[in-house]
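Okay, here's the structure, questions in a sec.
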Amino acid sequence: MAVVTALPHDAEPIAHAPMSYWRAVGWRLARDPATLVAGAVLVCIVLAALLAPWLAPYDPSAGSIRLRLAPVGAPGHVLGTDEQGRDMLSRLLWGGRMTLVAGLTPVLVALALGTVLGVLAGYVGGLTNTLVMRTMDVFYAFPAVLLAIAISGALGPGLPNTLLSLSIVFVPRVVRVAESATVQVKGLEYIAAARASGSGVLPIMRHHLLANVLGPILVFASTQVSLCIILAAGLSFLGLGVTPPAAEWGLMLNTLRQSIYVNAIVPALPGVAIFVTSMAFNLLSDGLRDAMEIRA
Amino acid sequence: MWTYAGRRLLLAIPTLLGASIIVFAMVHLAPGDPIAAVMPAESSQAEIEATKKAYGFDKPLAVQYLVWLGRVAQGDLGRSIATRRAVILDVRDSLANSLVLALSSSLLAFGIGTALGLLAAFRQGRWLDKAASAIAVIGVSVPHYWAGIILIIVFSVWLNWLPAMGAADGGGPLAYLRHMTLPTVALALIPLGVITRVVRSAALDVLNQEFVLALRAKGLAARRVFTHVVKNSAPQIFTVLGLQFGFQLGGSVLVEAVFSWPGTGYLLNLAIFQRDIPVLQGVILVLATFFVLLNLAVDLLQTLVDPRIARH
Amino acid sequence: MSADNAMESRNNRDPRVSADAPLLEARGLRKHFPLRGGVLQRTYAWVRAVDDVSFDVYPAETLGIVGESGCGKSTLARLILRLIEADAGTVRFDGQDVRGAAPPQMKRLRRDMQLVFQDPYASLNPRLTIEDAVAFSLLVHGTRAAEARERARALLGRVGLDPRLYGRRYAHELSGGQRQRVNIARALVLDPKLLVLDEPVSALDKSVQAQVLNLLADLKAERALTYVFISHDLNVIEYVSGRVMVMYLGEVVETGTADALAQAPKHPYTQALFASAPSMDPDRRMDRPPIAGDPPNPIDPPSGCRFRTRCAFAMEQCAQAPPALRPVGPGHEAACYLFS
């Protein structure tokens, strides 16, 4: 039978130990200094927010008129006090909770809802696709800030309204990414191979489609966290987010804004907190994107 | 190409209609009676009756929407609750100031971002590249409203070089320029970050193409290579510039609030403070329309420059 | 089928003397893809990918399908397996109607007919280890996980990939030839009767091609498989096939045994194909008219015989009506007016 003489096997033994995709991503993430620093900073910020009730030296909403706008390093108030004499350190710790909740929740909602809608639209195609994607296009008629203001402005201030309006901002973005990733993967031959083996739609989605579209969707969602934090704090800054006397970084920035002529450093602190958090998320998502680009 | 342009135009219509539905819905999203959302609390019974009739609040929602859309099409955006002035007048007055700011900040970001991005690409991996990357990350991470406050602290409070608030009504062009400097810088930060990134990667793409590698291998002068790179990455850069300009129109809300710049953002800020829904609606509708038309224009120009895009 | 027959995979039985019923019967298969465009995305033209194609595949033979790229071979493969729905025609597998099969029946049918894809990169899920990729088909059909893995590993070993070395690896860690072995294992794990091979070696180096072709031949003999082997490479087709079907722009222009086609190709297109194929045999070099020009667009095929625009023997008649397949020798048919 052997018309062609057997050639040596085309395998060259592979030396390194096999590694699952996500372990490889983790391995690469752990070797990127910028990502490590950003991750460490984020862990500190999240821990500080979680432990605020125990870490904060003062009640964040109790102030004293006599102690208004104490400078950074004032005795008993390491980061000074605000325009109502409330301890800044305590308020920054408590404020981080609100900002993190308002910055992360909408992206998580968008990740869940947007993935479902996008994968559905991409996989089913046809009329479903047109319907879903055209509806999402409508939300793209607004710059993100404006859409958030339109919805929050109509609904009125309050954390639930902020979460709702920001979720509406981010869902369409995730849908677009999920849909295009799904359409791309759906056309690949391994999906056809799974269909040829008699598999139904659900196992194909679970084992073949989701595993391959979740990566790009996750990377995209991670890039949106920083924007969401800036927008959430921005809504509070405009008076559309958390209502006083609660502590929230954007709101603190707004109420302290009038005091810059008295004390310039303390009013800038909440902004520093927003900036550092949003930058850490950006660096982390950059690192994640690079680490996930493993395939040749 | 013309069929693509036609198709793109046609698709803009449902998008605009959808956007108008969202703006229309704002009145009904507002808690409480919709009449309270568009009328001051102390209105007389007769005024309330007249408004009810004008809005058609007793009719089904679909009819209300069409009635509203008809009025909007004629330029009637309703009346402000706070001032009873026609919203269209307020929007018209403030839009010019916002456009000025959006344009100046886009140009500033474009100038610096392009230079930084190109330099970074040609010095890939060196310290200049790293600095440009750092600026890009900072640009997209910084809350620009906070950056505005910092600019005021430094340049107005400490150095006393530039004014912090307003637009110097009647102060002449020089005063106007001085007033717009700080808001322009604050607003330029985000597009600066974005444009630097895009220009760098676009230029790197061109630099890594085989024909450019060949040019370089042939010992072609650096200046010729540079011209080549700029020419080939220009369409992508201009697209981003156009899109960023659109974002600036909406993004200026927060910066205008910080600097009390009398643009649409400041108007929005006032409307939020006074819960003036008709003004909110009017500003958002006008800005969204502007945004959609701008995106459309960018798309169409892009097809003109690079006909390959139309095939997608 | 007898062991003799399976061993003798190179020289398939002659279908004329076969008493067996065909394993696969395709009749009048047609698939046209709409092309949409314009402002309203209306359909303005149709790509005639497959037009009125009929053929039989007998148990234990290898039917080769050859033609230039874009002639509808891959679409035909997907129509046979009902991965895409045909516009018209019937497919019968083992006497059962494939196109009309209800989902549960279709799932059973899929066990018996499998496909090996052309692209060794796109055809393996990058997130699955190769043993999971092979075992997946078994899980779909209700095999327990442990048993599915055992069978997948055994089969990987059979196709030349030691499961202890390769089982837990991902597709991107393998070479093109190794990936194609995985694809073959995946197709075989359900113990199918029919394997449709869509350009299985086209993406591989020549030396690796030979190894994979030999593996396919060995597997066919061991497992009494029936192959439909699709390729644009005439040398490969001649090497593996008992019978060959030549396609041009979605239509069948000639069928016959591999030997008959090699020795006496009838249709001018087949002649041109053999003439243009690089050959080691000096007797076969350039004594026939070479093919002229590029294949016409399948969107707007020529009237009558679709090959006439490139044919050295085109006559007036050829433009009027498409010629039907007619016998030109024992078990040999061609669709050309030269033989009517």
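The letters A, B and C name the chains in turn, as written, and every chain counts its residues from 1.
Everything that follows uses one rule, which is that a contact is a pair of C-beta atoms (placed from the backbone, for glycine too) under 8 Å apart; a residue touches a chain by one contact, two chains touch by 3 or more.
This structure is a prediction, so every number in the text was calculated from the model and none was measured.
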Innermost chain, where centres are averages of C-alpha coordinates: A
Chain of greatest Cα-centre distance to chain C: B
CA centroid of chain A to CA centroid of chain C, Å: 48
Centroid spacing, where centroids are CA-atom means, of chain B and chain C in whole angstrom: 56
Chain A-chain B separation of Cα centroids, rounded to whole Å: 23
Chain A - residues contacting chain C, complex: 1-4, 6-7, 9-14, 18, 21, 188-190, 192-200, 203, 207-208, 211-212, 294-296
Complex contacts: residues of chain A adjacent to chain B: 134-135, 137-147, 149-151, 153-156, 226, 230, 233-234, 237-240, 250, 253, 257, 260-261, 264, 267-268, 270-272, 274-275, 278-279, 281-283, 286
Footprint of chain A on chain B - complex, ascending: 11, 14-16, 18-19, 21-23, 25-27, 29-31, 37, 137-138, 140-147, 149-150, 152-153, 157-158, 246-247, 249-251, 253-254, 257-258, 268-269, 271-273, 275, 277, 280, 284, 287-288, 291-292
Residues of chain C that touch chain A when the two form their complex: 7, 9-10, 78, 81, 83, 106-108, 110-111, 114-115, 117-119, 122-129, 133, 136-137, 139-141, 160-161, 165-166, 168-170, 172-173, 175, 177-178, 183, 186, 190, 207-208, 210-211, 213-214, 217-218, 221, 239
